[in-house]
Amino acid sequence: MKIRSMAAILAATVVLPFAAANATDLEVTHWWTSGGEAAAVAELAKAFDATGSKWVDGAIAGSGGTARPIMVSRITGGDPMAATQFNHGRQAEELVEAGLMRDLTDVATRENWKDIIKPASLLDSCTIDGKIYCAPVNIHSWQWLWLSNGAFETAGVAVPKNWDEFVAAAPALEKAGIVPLAVGGQPWQAAGAFDVLMVAIAGKDVYQKVFGDKDEEVAAGPDIARVFKAADDARRMSKGTNVQDWNQATNMVITGKAGGQIMGDWAQGEFALAGKVAGKDYTCLPGLGVTEVIATGGDAFYFPLLEDEEKSKAQEVLASTLVSPAVQVAFNLKKGSLPVRGDVDLAAANDCMKKGLEILAKGNVIQWVDQLLSADSQKQKEDLFSEFFANPSMTPEDAQKRFVDIIASAE
Amino acid sequence: MTGQAHTGRPSKLLRNLSSKIASIPMMLTAVVIFLGGTIWTVVYSFTNSKLLPRAKFVGFDQYERLWDAPRWIVSIQNLAIYGAFTLVFSLVIGFLLAALMDQKIRFENTFRTIFLYPFALSFIVTGLVWQWILNPEFGVQSVVRSLGWTSFTFDPLYNADIVIYGVLIAGLWQGTGLVMCLLLAGLRGIDEDIWKASRVDGIPMWKTYLFIVIPMMRPVFITTLVIIASGIVKVYDLVVAQTSGGPGIASEVPAKYVYDYMFQAQNLGQGFAASTMMLVTVAIIIVPWAYLEFGGRKRV
Amino acid sequence: MQNSVSIRDLSLSFGAVNVLENLNLDIGNGEFLVLLGSSGCGKSTLLNCIAGLLEPTGGQIFIKDKNVTWEEPKDRGIGMVFQSYALYPQMTVEKNLSFGLQVAKMPKPEIEKRIQRAAEILQIGPLLKRKPSELSGGQRQRVAIGRALVRDVDVFLFDEPLSNLDAKLRSELRVEIKRLHQSLKNTMIYVTHDQIEALTLADRIAIMKSGVIQQLADPNTIYNAPKNMFVAGFIGSPSMTFLRGEIVEKDGKPVFHTNGVDFSLDGYSAAEPLQAGRKVVLGVRPEHVKVNEDSAGAEAHQATVDIEEPMGADNLLWLKHAGHSMSVRVAGARRFAPGTAVRLSFDMGLASLFDAGTEERI
Amino acid sequence: MSDTVALNPGPALAAATRAGVEPRGAKPRRALSGRNIMLYGTLAVAALYYLLPLYVMVVTSMKGMPEIRLGNIFSPPLEVTFEPWVKAWAQACTGLNCDGLSRGFWNSVRITVPSTLISILVASVNGYALANWKFKGADLFFTILIVGAFIPYQVMIYPIVIVLREMGIYGTLTGLVIVHTIFGMPILTLLFRNYFSSLPEELFKAARIDGAGFWQIYFRIMLPMSLPIFVVAMILQITGIWNDFLFGVVFTRPEYYPMTVQLNNIVNSVQGVKEYNVNMAATLLTGAVPLIVYFVSGRLFVRGIAAGAVKG
């Protein structure tokens, strides 16, 4: 206690001369803890601190699975933070329904979010009963196949331009001792890869029918059967990956130990960090080179209802800061994600990012699975696909049956 | 004996009052947290609570889904395998080490410290370091291969059939030291005359251990059993740190199912149903035993 | 005599097991009462009830005419000495003695005075600064007695205080306890399973079995006129010889008859008329039989020596007599080879006669 | 060694204390007998298995990343560097805070000290009440408690969040201390109950005759005789609480986050290169406190267990 009060006095004497006396501390929780992510968060913090309030960082590493229970506990436990990260989608739905979250409709109307936030589906995810409860900050898309140019050179085949070519090249890679497709052991990677395959192979409409409308018949139909066949190929090609984390799998592509990886756009941060250049050292194929779409997954900030008047005001300031153009540019460049508004200029973006921006501009977007399915169904899917990818004796037909069950029971 | 005011028996509630007051934290913990929490969990397992608990009852739906889930079945099987082997091996290894330590050896303190120190480390650390050692590219396998035996294969963490034994190796590493300590303490509590008697009678040492000493160590075995068994049921961190349940779902355990469904899947009802199944299993095994062991007995 | 401790209808049961059943007992002021019995007879339980360490299921306990049934031990005016001494290991002897007084918030000078007095009486002055672990068994038990002494109470309770000591120390401390009682004149209640302690120390002995007092009397009565066969058999070493037989009438007088041998009952004062045909047991203590080497004689009590056990002062003979085995005590100087034929005569005034059915004294 | 025997008068107590110190098995015969070779050989092999991970941790923590990628994990470092240690302690980032584990160290101390003390105090009083002042129904509560030892912590998070919220102490240090006290209670109460039951009952009776009440007997008679079991309880609690991650992070606010949260952040920084050397250094740093406690008091630990857990 002594140390704390001393620190408070110290802080008071130091801060007072510079900042406004009524600077408000807002605690923000998130699970962005890697180097690139932290740099991106720092942009948010810097911009917010400039408004006269203070960003108190509450980072919890270990992905949303570790962090979310903590956030939810604190909100329901009556000791909420001022703002917290969730993914686009339905993760915070019930907290909103329980009346624990702050309604941002005023800010959104004032700043005209309806018009500036693109694609509109992002704001739809934030909207419950006509009210807006979150501020989207970025778009992360999953639809990418990252290929190691070096690996294909070693195997003596051309770098594939789409999924089918990639599958065809696999035997050559294997012969050269290269794992064709790196799939890390974490369950969400296998499930994500399948979803990407679905969009690419079965197309947008089927995807929307299965996940959006929860159409069992389509899920049991031939289109999805083809997707499972492709997943079976992917499973065969992924044998020998033997790593857990996605970035270790990415590292296999970077070092040429693996031919490719289906992973979201955040993977390019790893390539950049390793000093690799898009087009020369590696190739990125959005939509697996088959169906060029971008799914609008990503992150948004939610604001728990606080009693403190000052803090409530600061929450609104933070919300508007997050979507402001300058912050969007600075944050997304560091994060490697796409901005949530179409009216900003990302000249500094690299090749792959630009490809994404183009697709986005064309409006080839879909809602990502997180926005369509409940976390529960997502978890069931993860269980299914992590088992499927690890267990060669599970037939695609059996897997599809279980997949249909999950879709049937989804809400 | 006349003329004395007849003092009646004081109120039952007030007898042993200090003891009762002092036990309030224990009673509250037992009743509010353990019992109350359990009942609450069981009640809400019959609801379709998602992120937040809510009382929309759906009967046995959650249980039907639970027992249809391959992952739950695998978790139960894994727990059975892990539990049986942990129980047997930690008792056998722990007892063997304790018996060896009890041979008036030199450097007893050193050996004991070596065997016991892993217990000071968390399961997270244990899982990490064994993941590292069992990693085929860096660890034991690569070292043996680099020594010339190139076909040597030892990759338990990447082989779905044996991954749970990889977890077992780490779990035993962390826990057997404590078991050894407990049993060593138990051995030291045996009257020396027992050894003299069995020596005079010419009973072989192993027989003395098996038929005389071990039965005499019943109380310490019970304490040990409680500690080991409660650890087995709760196993979670180790698996998360070492394998994250993989490859696939091959090393999933029930506690992880509970946690994942409660928090990652945001399906409290499902998590509670899984918890309830665990609690029921524990209750069926433990409650009668615990009551026999700790309940009815009078202190002599 | 005013009663110091009175027990009324005391019962205690653990679950379905009755340890004490409707027990009544009055102990006079300054009396030394020994509770004697084998283990499990309820004697320690009774003592613990008196001390307030066990709550009775029913009945009442009075100390100095005050109903203390539900009082705390400390409010009963008792001190207690335990078999294992129960000294607080972390405290010095002095602290052990003063602990209870400190708890009672007694002024320091008074505490010191009492300790000095106790130390003098028990001759433990030089030990006051030591820890219990540095004392011998006998010293520890003295300190334990001292702890009761400093409390300056009316009633002393001893729970087998000498059982953990070796034979020599035991007899020494026995004498000391007796001396203590003589000088302090407190009421003492003493639990033991050792009949020698009981006989030597007690003003009165209460022999217990299965939670019931079998006989309550002075040592002499207990020894010579036991109330029933249990008491008769329990007291005395070696045990009283029991001969099963019946009363027959001979020459108009009742006579004890067994295995074709008659015992005249002259000199035995029976409490009830001895009818012929009644099945009875005759009890004879080893020292109440006279052995004559001369095997001829009018009385037909012929016997042969089976085994001889010389014990120094005494010589114990195991005899075969009329199909019974019988122990007889003779002076140490008189030696008998096994097989020797002897003639016995009995001192019927000191013998006991019990009903074979009820086992009660007739 | 034998002095401990003399210090304790009660036979049971003496046996219990001595028990922790003296080996009792059959005596060894010759120095280099086949039996001895077997004996020490087995122990040495076992010791290797237990030491290997520590060795790997230490060695890895002193290598640079390039060396880790190349070499095998058992080879000693070619170039010893303490960079990973420095980084783990003072530089590793969690979100915006780049001050490594040092940030959480004092929090861990602030959590561990009161939690250990209070949980031990409560559990020892429980054990004492159960052993010496048993009241009707006490066994029932104790049985529930023992069964409670088998409940996975995760299951109890929600109910406890609710209880703490209703008490108004959610997110406070007090709340966390209570949570640690609750979950330490079953095993500790079992240990203390067994220990106090093993003390001679006559001592307790003597103290009651002397007029001491519940608390006086506890503090003045029982506590001074119970050092060994308190050491055991302390070791168990310090280890458990220091290593706890879940409660520390769920039931407090960021300013109280213990060291394990930073460890988790360093080890699980998913989106970045896995720095094994920093991970290992962080692991060792986090484990240092319980490890030191073990190395220092391991001897008392066995003695305490001998005194407490053995008696049923």
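Observations on the structure shown:
Labels A, B, C and D are assigned to the chains in the order they are written; within every chain, residues are numbered from 1.
The working rule: contacts are C-beta pairs under 8 Å (C-beta built on N, C-alpha and C of every residue); 3 or more make two chains touch, one makes a residue touch a chain.
Since the structure is predicted, the reported quantities are computational estimates derived from the model, not experimental observations.
Here B-D and C-D were compared by C-beta pairs in contact; the pair with more is B-D. When each chain is reduced to the average of its Cα atoms, C sits farthest from chain D.
Between the CA-based centres of chain A and chain C the separation comes to 89 Å, rounded to the whole angstrom. A separation of 54 Å divides the Cα centre of chain C from that of chain D. Distance from the chain B centre to the chain D centre is 15 Å, each centre being the mean of its Cα atoms. In chain A, the positions touching at least two other chains are 69, 76. Each of the following residues of chain D touches two or more other chains: 157, 264, 267.
Chain B meets chain D in the complex at residues 12, 15-16, 18-20, 22-23, 25-27, 29-38, 40-41, 53, 93, 96-97, 99-105, 108-109, 111-126, 128-130, 132-133, 135, 138-139, 142-143, 146, 173, 177, 181-182, 184-190, 192, 195, 199, 205, 217-220, 222-224, 226-227, 229-230, 233-234, 236-237, 254-255, 258-259, 262, 268, 271-272, 275, 278-279, 282-283, 286-287, 290-291, 294-296, 299. Residues of chain B touching chain A in their complex: 50-52, 65, 69-71, 136-137, 155, 158, 160, 243-250, 259-267, 270. Across the complex, chain D meets chain B through its residues 15-16, 19-28, 39-40, 42-43, 46-47, 49-54, 56-57, 60, 68, 72-74, 122, 125-126, 128-131, 133-136, 138-160, 163, 181-182, 185-187, 189-191, 194, 197, 201, 213-215, 239, 243-245, 260, 263-264, 267, 276, 279-280, 283, 286-287, 290-291, 293-295, 298-299, 301-303, 305-306, 309-312. Listed in rising order, the residues of chain C touching chain D in the complex are 48, 51-53, 72-74, 78-80, 82-90, 99-100, 103-104, 131-135, 140, 144, 147-148, 151, 159.
Those residues of chain A that touch chain B in the complex are listed here as 64-65, 68-69, 72, 76, 91, 93-95, 98, 185-187, 242, 244, 374-376, 378-380, 383, 386-391, 402, 409.
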